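Quick heads-up: structures coming right below.
Shared between the two complexes below is chain A, which pairs with chain B and chain C, respectively.
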Partner chain A sequence: MRGFATFHPFVLFLYYAMVLIITMLMLHPVILVLSLFGSLLFFLTIAPLRQFLLDLGFYFLMFLLVAITNPLFVHKGETILFFLNDDPVTLEAIIYGFVIATMLVAVIFWSKSFSEILTTDKFLYVFGKVVPKSALVLSMAFQFIPLFKRQIKKVHEAQKTLGLYTSNSITDRILGGIRVFNSILTWSLESSIHRADAMKARGYGLPKRSNFSLYKFEKRDLGIIGALFVMFFVIIFAYIKQYFAFNYYPAISDFTDTKQYFFYFLFVFMLTILPFMMEMKENLLWTFLKRKISASPIRNKKNVS
Partner chain B sequence: MSFSIKQGEFVVIFGESGSGKSTLLRLLKRELTPHGKKEGVIYYKNRRLDELDDDTSAREIGFVMQQPEVQIVTDKVWHELAFGLENLGEPTDVIRRRVGEIANFFGIHHWFHKHTMELSGGQKQLLNLASVLVMQPEVLLLDEPTSQLDPIAAEEFIDILHKLNRDLGLTIVLVEHDLEKVFPIADRVLLLESGNIILEAKPEEIGGKLKRLNDTHNMLQALPTVVRIFNELSDQPISPLTVKEGKRFITEHFNDHIVRLETSETSANDETPILEAKNLWFRYERNRPDILRGVNVSVNKGEIVTILGGNGSGKTTLLKVLSGQRRAYRGNVVLKGKKLTKYKQSALYKQLIALLPQDVQTIFLKSTVEEDYAEIGKVMNGTKEALEQSIHKIANLLSIEHLLEKHPYDLSGGEQQIVALGKLLLLEPEIIFLDEPTKGVDAYSKLKLRDLFMDLKAQGKTMVVVTHDVEFAALISDRCGLFFDGEIVSTGKPKEFFANNNFYTTIANRISRHQYEGCVTAEDVIDICKLNGVKKHEQNIH
Partner chain C sequence: MNKTFINKLIVLGVIPVLVLSGLFVFQDRSFILISLLIAVLALLPIFLSFEKKEANIRRMVTLATLVTLSVVGRFIFAAIPGFQPVTAIVVISAIFFGSEAGFMVGALSALISNIYFGQGPWTPFQMFAWGLIGFIAGHPKWSLRLKENRLHLVLYGVFAGMMYSLMMDVWTVMSLDGTFNFSRYVTIAALALPFMAVYAVSNVVFLLLAIKPVGEKLERLKTKYGM
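Right, the complex of A and B next:
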């Protein structure tokens, strides 16, 4: 995760927003296949192979399940293949099922890479920029929740050896649980008082609070944002102009339009393949650099002298 | 009271719990001033503290508290470091530079991106210190910052304070109860007693002056081992402070005719093992490494066995397995001749086994100690009168009657420990397991704990203690064991155990081992020095 993930969180957010909009808005088989292809390729580069294969297997089953459900319930379409319980099963409905399933799996894989790449810090940062107060509140919550969970476990274990749960009656157990919960509330109140002190001591509440983040907005971020917007607008333009129109019912459109507007599909392809290309670029760069480093003339000279 | 602290001074404040140390320290930090009536004025750099502007007050006076966890505000280390500067409204590039600088100074850059939950206690406290220092304070106030840390982390923390004071000239005011490590680096020491400064001196003079003031003062026991030994053996005003100086003192002043103390160790212990562990193997999950790797241990009835070991070595896990909270995947724990797994849980934790966890606050459920004790009645199924009787018996034994009405969280570390132990005793256990019973306990309360342990032992209770605290182990144990690499590698009576160790041993032993054998506590060293007597030429000089 060196290439794409190192872009500014805003860029990443923007990218995922665009890709998801396009994937969910345009029910064109070519676009969906491109989107699925891009999401899979990218997930392959950032996830361990084993996990990728496991996920692929699981979602393939889901894909089939969704694909065959549609023709069972939808009976539109003019090409009837056979009857099931007196209901017609049509070719159009089957194909539409596959298209929907493709979209679903593509969205799922985009979301998977999204959660890998937009870690909580980045997520918080983007949120904090939109609503400044929320950044600190969320950050404190992410700090406190695990602490709270751990304390519950600790009290639970301690009380076990004090015989709190040793009685076999269910009411006793429930009452025991309530008592533990009560004590945890006291504990969290107590620790929040201390935390408030620590915050005050470090100047919390002074009027001119700023928001710090580790992320720098670089030139290349600006560049990629420009490129993203160009691609996005071209695609939206084509969508509005009905270049991506594709009918499933009553009959399936042919691909003459697709050939005619090939140029616009190229943009979709570029957009969906972008993260993968970034990773690849970075990989190539590193192999290249490594060769350069190991064949560094400076070191050779030193060895000679 | 009146006192002044010069720029660049390292001042240590100590005193019994409840003497007003923390209150005094909090008064020096305006944001934390406790509620109540205040008279008198505090000046900072010739300006009244209450007239400072908010920004200066937050920035220039830093404060670090006792509990590492509750001071951490945010979820990421880098964000925590930036938090104070964010509050002051510093721009991003300033924050970036300062955070980078401080992370480097503290060696935090290795865990800069981590979640604050993942850090160890020592790291958390270091982070708290760093996130105060990032604001570039002129004065640093610390309220018992090492009391919740293990000895190694505590030492590291104190070393950093020393470095800050020595290399950067930072003014430091430290409230501390473990004086062993801070005495050699302090410039001045204040002793507080019921809200008054009763003594103010250089650390090397404190021992002598306190003895002259009141030679049965409780706080004499809280002084570093070297000072205590010196106090008993000499009337000179300047005491040694480090092991090095202590060693020299003994070599120069005392004969070595008698090398060994004749001990009248009563081995009247019942030699029948009450608890035996045979070849215990344990791990938490299938894919995780073994924590216990063939532990063998046997504990006799009425014995206090201490298991020492480093941080994260698995001592706590061993206690959990021995007390039946976790089950070993190989090997057995045998309790009174019957396998632990054969006991019903309800029978096990009533009148047989009790475990005092490291975090004693987890023991308490109710809002007063008495109500909390009454909880046990639900387990023991006695009559109300019987319960009340046993509560008062225990309260009497531990002399905690005056605490019964208080909220458990309001007690001091030492009191919490004793009160929690009291709750366990209501279950009338035969074996008590204790996990780090001296954590957060001051020196004087430690002695009370020791007396209590001896009382319990006399009543026939068996105790298994897991601890880092070498000094305490030397005081209480019948036998000590060193837990290392998943097993107990050596056991023995404390005298042999510590005398055989070169590094892992008590300060008293380090001071005296070059001249005497088997002296592990300050009392041992004092006794043997008195027996040997002062060297001849010494007497001529004085």
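Right, the complex of A and C next:
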């Protein structure tokens, strides 16, 4: 059982919207590092280790690329390190490059866990409420993909039994591919009309329909929404009050303000670490329960009582 | 020219451009978030007008089929970066079913195929870029020309490839810089020239290959079922 993913899809959507807004809006190094930290930890708990390491390696290279190229294009800042082709390379531009790179990688890892957590059914559930028709088109297209694959295989096999793929030459294969494509095209368009008629016959679009949904809005969902809003509003309040202000050009701010407003950064930390903590809580509970099972077999229990 | 088309084009294109240029003047720092919001906002008008219309279920299912075709096409050619039939199918859908259908097929193809190719903050930009390509191709006068004249079709394929590449470069620059740095944009657009060429070539190839067989079938569908 996954911890964070079991919340109601609306809660998950809300969470990602908040985290992404904060990550992209506030260019404060501490906030960005916290966000990156939270996104990486969470992705580590939900993705296979191999995939995590591969992604980490790839995006580390991207991180370096973004960070290093920034000073080549931006010449603002007052600490000039050296000149490259008569253009000054400044310390500020280098640091800003690292900050932007941190943000980019954090956003990418949030999007990665977003696609893992918000599976297509949850995605369609949320959008089905907001834009029902577009969501219907979307969900039908999702369903058509495996359907097409199956039909392609069928047509291919039928053509084989007709003796059409006797030679292995490239022209033969291409022509075969075109034939299969043609047949799929006709079949898919024709069957889409039949499907539409069937849907209409079953009363699609009539008022007073009910639809089935797997997701129930529970008490804990309400609780977490409340907590999320409190954290979000505190963070936004601090942002508006300029507690998170941090300058890169012409000179880099120091961290005295950061120490002074430490309390507000704590909220950012709580928000970004939340999915990881949920996951950990669930994992610990599970190991604890497993221990209990192996430590006290049912027979022993009976004897005690 | 058709008035509602121009109105819609203004909403689609001009407003985002205006907001963006306003941002250059004020040098806002949270550029990425705002540009992302603009991309999402730019998607809204067509999606909402699609929602408002009375449900034509046959049309909706046909759109879903066209989206699937372009997504499956992107899978098949995934091995060659940039070489994809999505634009061609978006343009053909627009030619036969109009601007709005073109936009929907483009935007939804980007959304679905990115579930497999990697979802990220670039998704709204990609949705908008493909959507706009379809929207422009669907203008009643132009779509007739694109249908009849192969030269116009080729030119539009090249134009769509360039437009897609240039629009995605805007996103690349903003993600790298946090602001829009023009000199960097020029460098990146120049670096992306080979990609632009691949986009343009693949668009032309797929448009020329697909316009006749796919067009005939869509035409037949339209006459047979009176869509």
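Rule of thumb we're sticking to: the second predicted complex is superposed on the first by the 234 of 305 C-alpha atoms of A that agree within 3 Å, B and C clash if a C-alpha of one lies under 4 Å from a C-alpha of the other, contacts with A are read in each partner's own complex, and residues count from 1 in each chain.
Here is the rule we go by: a residue touches a chain if its C-beta (ideal position, glycine included) is under 8 Å from a C-beta of that chain, and two chains touch if they have at least 3 such contacts.
Keep in mind it's a predicted model, so treat the numbers as computed, not measured.
Of the two partner chains placed around the shared chain by superposition, chain B and chain C are both touched by A:D197. By the touch criterion defined above, A:F212 lies against chain B but remains apart from chain C after alignment on the C-alpha atoms of chain A.
Of the two partner chains, chain C is the only one touched by A:I100; chain B is not.
In the superposition on chain A, A:I108 makes contact with chain C only, not with chain B.
Looking at the shared chain after the overlay, A:K133 reaches chain C, while chain B stays out of its contact range. When both complexes are overlaid on chain A, the residue A:I225 reaches neither chain B nor chain C.
Judged by the touch definition given at the top, the superposed model places A:F148 against chain C, while chain B stays out of reach. By the touch criterion defined above, A:I68 reaches neither chain B nor chain C.
Once the two complexes are overlaid on the shared chain, A:L81 sits clear of chain B and of chain C alike.
Residues 120, 136, 140, 142, 182, 186, 190, 195, 197, 199-200, 204-205 of chain A lie in contact with chain B in one complex and with chain C in the other.
Only residues 120-121, 136, 139-140, 142-143, 146-147, 150-151, 154-155, 157-168, 172, 179-180, 182-183, 186-187, 190-191, 194-195, 197-214 of chain A touch chain B when the two sit together in their complex. Touching chain A in their complex are the following residues of chain C: 29-30, 32-33, 36, 47-48, 50-51, 55, 57-58, 60-65, 67-69, 71-72, 104, 108, 111-112, 115, 119-121, 175-178, 181, 183-184, 187, 213-214, 217-218, 221, 225. Interface residues of chain B, counted against chain A in their complex, comprise 29, 31-32, 54-55, 58-59, 62-63, 65, 67, 69-76, 78-79, 82-92, 95-96, 99, 115-117, 128, 131-132, 135, 323, 325, 345-346, 349-350, 353-355, 357, 359, 361-367, 375-376, 378-379, 409, 423-424, 427. Within the complex formed with chain C, the chain A residues making contact are 20-21, 24-27, 66, 69-70, 73-74, 96, 100, 103-104, 107-108, 111, 114-115, 120, 131-134, 136-138, 140-142, 144-145, 148-149, 182, 185-186, 188-190, 192-193, 195-197, 199-200, 204-205.
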